[in-house]
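In the two assemblies presented below, chain A is common to both, partnered first by chain B and then by chain C.
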Partner chain A sequence: MWLVPFMVVMKGTSEYPLLFPLLFQWLRDVVKLQYFLNGLPIGSIYALVALSYSLIYAASGVLNWSQGDIVMLGAFIGFTIINVIKLGFTTGLLISMIVLALVGLLIQIAILQPLRNRQAPPINVVIATLGVAILIRNVALVIWGADAQNSPSPVSTKPIYLGSLSITPQDILILMAGIALMVILQFLLKRSKEGKALRAVAQDRYAAILMGIDTNRSDGVAFAASASLGAAAGMLVAPIFFVTFNMGALIGLKGFVAAVIGGLGNIPGAIAGGFFLGIIESMAGGQISSGYRDAITYALLILVLWLKPAGLFLRKTRQKV
Partner chain B sequence: MLEVEGIKVNYNSTEVLHGISFTVDEGKITTLIGANGAGKTTTLRCIAGILKPKEGKIMWKGQEISKLRPREIVKLGISMIPEGRHVFPQMTVSENLEMGAYTRKDKKSIKRDFEWVLELFPVLKVRLKQEAGTLSGGEQQMLAVARSLMANPTLVLMDEPSMGLAPVIVEDVFSVIQQIQERGKTILLVEQNANLALRIAHKAYVIETGNIILSGTGQELLTNPEVEKAYLGL
Partner chain C sequence: MFGLRKSISLLLILVIVLGSLLTIGGCSSQNSQKVLRIGVVGPESGGSAQLGQAQRKAVQLAVDEINASKAAGDWKLEAYFEDDEGNPTKSASATNKLIQQYKVNVLIASINSSATLADMVVTSRVGIPQITAGSTGASITAQGNEWIFRTAVNDEFQADALVKYARDVMGIKKIATFTASDDYGQSGAKLLASAAKKYSVDLVSEQTYNNGDKDFKPQLLSIKSSGAQGIFMWGLYTEAALISKQARQLGINAQLFGASGMASMKLIELGGDATQDMILTQSFLADSSEEQVKQFVDKYKAKYHENPIPHAAQAYDTVYIIANAVKVANSNKPEDLRNAIRKTQGLNLVTGSPKFNEKGDDIGKRLLITKIKGDKFVLVDTVFTGQ
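Moving on to the complex of A and B:
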C-alpha cells in the first residue's frame, strides 16, 4: 500500500530501464524491507535537493554550488519562524520557501545574470556560485551562531507498527510532503506558461529565444523554484538532523550525487536518483555498516561518473532524420 | 518593407559581413543564396535580433530594429525558423505550437491561428499529443514552420528549410512555403539549394564571403551563367 504514492511519482520514469524491479526482487525478507522503508523519507529529501540542482542545470546550464547552503538557510529561517515567532510548521515551511525563492531570484539577478551578459566562461559562473555558498554559510554563522540547533518535530516520532514493519509519523510526513512538492513541481512545469517556457529553454535555448522567451526571466524562475525546493528540503531534514551553519556541505553533496545518478538536468531522473540514493544508503547502513554510509554514497558518485556519466536513468534518445 | 542597409557584423572580432544591403518586398518571396559560410545565417540572425550589427541599419516598416531584443522583434511581426528545425523535442506538437505564440496575449486569435496552421499542416493534426522528437525530419520541419506562424508574423525568416531532408520532402516543404506566401506572408528564404530557392523566389540575392555580388528576379538568376556555374552545378 505504501508503495502507491511512490509509484505515482515514479510514473514519469517508467520508460527508463528500471532499476526498481531489481530492488523489489531483492526485498524478500522483512529486515531488508524495513531498511528500504527507512530510506524513503531521506530519499525524498535527497530528491528535492537533486531537483534543485537539475532544475537550474537544465534551464540555464549552471551548476549551482550554493544549493546545499540554500537548504541550510531554508532550515534556519523556518526554524526561527517556528521557534521564535511561534508559528506552525506549515506556515514556517511556506514562509521559508517564499523567502528562499526571493533569495534564489536575487542570486540570479545580482550575480549570475551580469556574468552571463558579459559571456563569462562557465568556470567563472561555477566559482561565483561557490562564493555565494561561502557567503550564505558565514552570514548564517553570524546570525545563528555555531551551535547546532535542534528543531522539534511537528509530529510524533513514535513508530507505528504494521506487522513487523515500523514507520514513524514524522517519516510519513516527510515522505508525503516531499512527494507533494514533486507533484506540484511537475504540474507547474507541464501546465503553467512559465513552466512550459522553462522546459522550452531547457530543451533548446536558441529556439526558445527565437520564440521570444526571455531567458533571463526563465533563469530567474528556475533559480527561485530551485531555492524554494531547497528550503523545503531544509525544513523537512531539520527534524532528522541538527540544524547547523555548515550542514549545507553534506546535504548539498548528497543531493548532487542523487542528481548525477539521475543524470544532471534530468527532472524525473533527479527524483529517481534521490530515492535510489536514500534507499541504497539505508540498505548499506543496515546490511554492511552505518560507518560506511557516506563512503558508499561517494563511491557511487565515482562509479556513476565513470561508467554512466549521463546517469542511470538515461532517456532513450529517439532521433529521426 | 524590410530594408537592410550596409550591415557589418563581427564574430569574435572577425568581420563576417562586410556591409550587406538588400530589401524584402511585402507579400513576396525573397531569397539569399550562397555557399556555406557566406554569411546567410548571420544575416538572418541579425534581423531576428540574435546578433547586433556593428554598423548599418535594419529598417522594418520605417522603424530601426537592429538594436532591439529578439522578443521585441517577434512582437513586431518577424519570426524566424532556425536551420536544423530546432523543435522542442520533449514537448508535444501542441505545446511546440503554443510556444510559438509565447509573446501573444489574445487567446481568441491564438486559437484561430492554431486552427489555421493545423488546416495548413494536416499531418500535425493527428500528432498533436506526440512528442516533437518522435516526428520524422519532414514532419519536424513542418512543425518548425507551423510554430513560427503561431507568432502571427508578417515576415517569416527561413534558414535552410531543405537541410537534411529527402528530396521528396524538400518538394513538400517548398510547396508549403509558396502556400504561406499565397496566404499573405512575406518570406525571406536562405538556401543552399539554389535551384529550388530561385524557382519560387520573386527576388534573389547572391551572397559570397560576406558581400552581395548579384541580385535580380529568381528567373534572371536562374538563367545567369555565373550563378549556373557556381551554384546550380550544371
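Moving on to the complex of A and C:
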C-alpha cells in the first residue's frame, strides 16, 4: 500500500523526493524517529563544515584540507574566551568567528595567492593546505595541550520529552544556529556585492576576470567566510564532543564526505549532504551496527561517487575540473 | 735508634696501607656479593607517560627507603630504568638491554599490557622473574608462564567485583556492556559477560565503540530500549565521560559502572554532573584513611610534591615484595627469587597484603569499589582480590 506514493514519485522527473516516502515509512516507528532526531544536530554541524569546503571549492577550485583543523581552532578560541576570559557564549562565538575569518584570509594571502601567482599546479596548493592543517594542529597542541577540554553548554542539556521522544535544548540550539548561519550565508551570497562577485567567479573564473572582478579578493572572501563557518561549527560542537587538538581530523573528514555527497562546490547540496550524512550515521549506528557505522558511511560515499559522481543533489550534471 | 724509628714508621705505613686496602677490599667484595639489581621498564614518554613516570618515582622512593632502613637485610637494591614509550617492540629491546648490559636480577615491567606480553617472551626465555605493576590484561597471567607475577589488579577480578556489587548491593538484574573495540575493551567485555553468567544477571545488550568516537547516542538508544538497569563501560576516560553525558541527555537513568582504566580525575572534570554516582573499581585512593596509605602519600608528596596515582602505589609495593623476597631467599639467583616471590606472605603494604596464586596474580590485594561524589572518588566498599 505504501508503495503507491513511492511509485508516483518514481515516475517524476526529479530524483530529489525519492527519499521521502522511504523516510516516512521508516519514521513510523518511534525508536527510529528518535535516531532521526539525534542525526539532525550532528547533521547541522556536518552541513556547516561541508559548506566551508564547497564555498572555497566553488570560488577558487581549491580543496582546503585545513578546514577540519580550522574547526578545532575555532572551538579552542571560543573555549578560551568563554572559560578563561569569562565572556558569554554569544560573544565567544562572534570573536571566534572574526578571529578565524582573519586566519582564513591569512591562509589565502600567505599561501594560496603566492602559489596561484606562480602558476603552481593544483596539487601543490592542496598539499600546502595540508601543511597548514598540520601546522594549526601542532600549534594547538603546544598552546592547549593534549588533554581533552570540556566546554560547558550555553543552554541546558536536560532532555525535553515529547511523548517518548527526547531532545535536549542544546541540540535545538545547534540545529537552529546552524540553520541561521546557512540562511545568512545564502542571503549574503545572493544580495551582497562580494557575494555576487563570488558567485560570478564560481560560474566562470575567466569571464569574471574579464568583467573586472578581482579574483584574489573573491578568493579571500571565500576563505574568510569558510573559516568563519568552521569556527561556528567548532563552537557549536564543543559542548557535545569536547575540545581536543586532534578533533579536526574526524570532523574535517566527515564534512568533506558530506560535501562530496552533496556535490563538491554545490552550496545547497552541501547543506543537504550534511544533514543526510548525520541522519544516515545515526540510523546506521542504531539500526544496523554501531561497529560498522563508519564503514557504512564510507561505503555510501563510494556508492555516491560511483552512481552519481556529481553528487546526490545536483540536478544538472556539470563537470567542474 | 735511628734504624728503629725508621722501621717503626715503615711498619706504620705498612699497617695503614694494608688496613686501607683491607677496608676497600672488604667493602667492594661485600658490594659485589650483596647487590640486587632491579630493572624497571615503563612508558616515560608518549601517551601513557604519566603512568611510567609515576612508576619510576615510586620505585626510586622505595629503593632509597629500603636501602636506608635495611628492610632487605644485607642486600642493597639498585634500580635501572628504561623507557619503552608503551611500544611492545621497544619494551622487549629495553628488557634485553637491562638483562644483558646491566645484569638485572629481577624486572618490573611494563604498564601497557601489550608491552608486558612482549617483555614476558624475553624474561621467560632467559629465566628472570618479572613483576608487572601496571598491566591489568587478563591474558598476562593466563599463559602458564612461571616467571610472571602481577601486582596490578587483574581485569577479571574487577569485572567480577563490579557485577557482584551491582547485583548484591544495588539489586541490578539486567545489565548492558558498552566497551571499547580495542583489546583492552574487548577483554573487558568477555570478562563482564562471564561474570554476568556466574552471578546469573541478564546481559541484555552488548555494545562497542571505537576509541576517538564522539557520538554514542545510537548505541545508547539500543541500551535504553533493552531496559538495562546498569551500564558497564570498559575503556578510557574521554569516551567514558562523553558516554555518561550523552546517556543523561537521552534521559537514561541506568547506573553507570567502570573499570580502573578510566578512573582518573579527568573523568570527573570532563563528565561533570553526568558522572555523579558512577561506580568504579580501583586499587588505591590517595585520601584513604588506611595508615599504610597515609604514610606512603606523605612520603611521596614530600619528595615529588604531587599526589601519587594508583600505578605509583602498586610500583612502590612491588619493590617491597622484591626486597622481602631477596631477604628471605638470601640469594639473587633467578630461581631462588622467583620461589621467594611466589611464597610472599605477611607483608602489610599500601595496596594490601600480597599473596600470589599459581598464575602469578596477587590475591591479597584490596580492591576498592568507589563512587564519584562531587569532584572526588569516595570509597563505598572494599573486597579482596582472592575472594
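Keep in mind that, in the parts below, the second predicted complex is superposed on the first by the 293 of 321 C-alpha atoms of A that agree within 3 Å, B and C clash if a C-alpha of one lies under 4 Å from a C-alpha of the other, contacts with A are read in each partner's own complex, and residues count from 1 in each chain.
Keep this in mind: a contact is a pair of C-beta atoms (placed from the backbone, for glycine too) under 8 Å apart; a residue touches a chain by one contact, two chains touch by 3 or more.
This one's a predicted model, so the numbers in the text were calculated from it and none came from an experiment.
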* Asked: A:Q186 contacts which: chain B (first), chain C (second), both, neither?
  -> neither
* Asked: Thinking of the overlay built on chain A, is A:M211 touched by chain B (first), by chain C (second), by both, or by neither?
  -> first
* Structure fact -> Across chain A, the partner (chain B or chain C) reaching more residues is C
* To do: Return first, second, both or neither, reflecting whether A:S44 touches chain B, chain C, both chains, or no partner chain.
  => neither
* Pick one for A:A148: touches chain B only (first), chain C only (second), both, or neither. => second
* Asked: First (chain B), second (chain C), both or neither: which does A:S60 touch?
  -> neither
* So, does A:Q203 touch the first partner chain B, the second partner chain C, both, or neither? -> first
* Asked: Once the shared chain is lined up, is A:D294 touching chain B (first), chain C (second), both, or neither of them?
  -> second
* Of all residues in chain A, which touch chain C in the complex? -> 31, 34-35, 38, 42, 147-148, 150, 152, 157-159, 161, 166, 168, 170-171, 240-242, 244, 247, 250, 281-286, 290-291, 293-294
* In their complex, what parts of chain B are in touch with chain A? -> 48, 50, 70-71, 74-75, 79-80, 82, 86-91, 95, 98-100, 102-103, 133-137, 147, 151, 164-165
* Structure fact -> Counting only contacts in the complex, chain A reaches chain B at residues 193, 196-197, 199-200, 203-204, 206-214, 317-321
* Asked: Where on chain C is chain A touching in the complex?
  -> 181, 207-210, 212, 214-215, 217-219, 221-222, 225, 238, 241-242, 245-246, 248-251, 266, 269-272
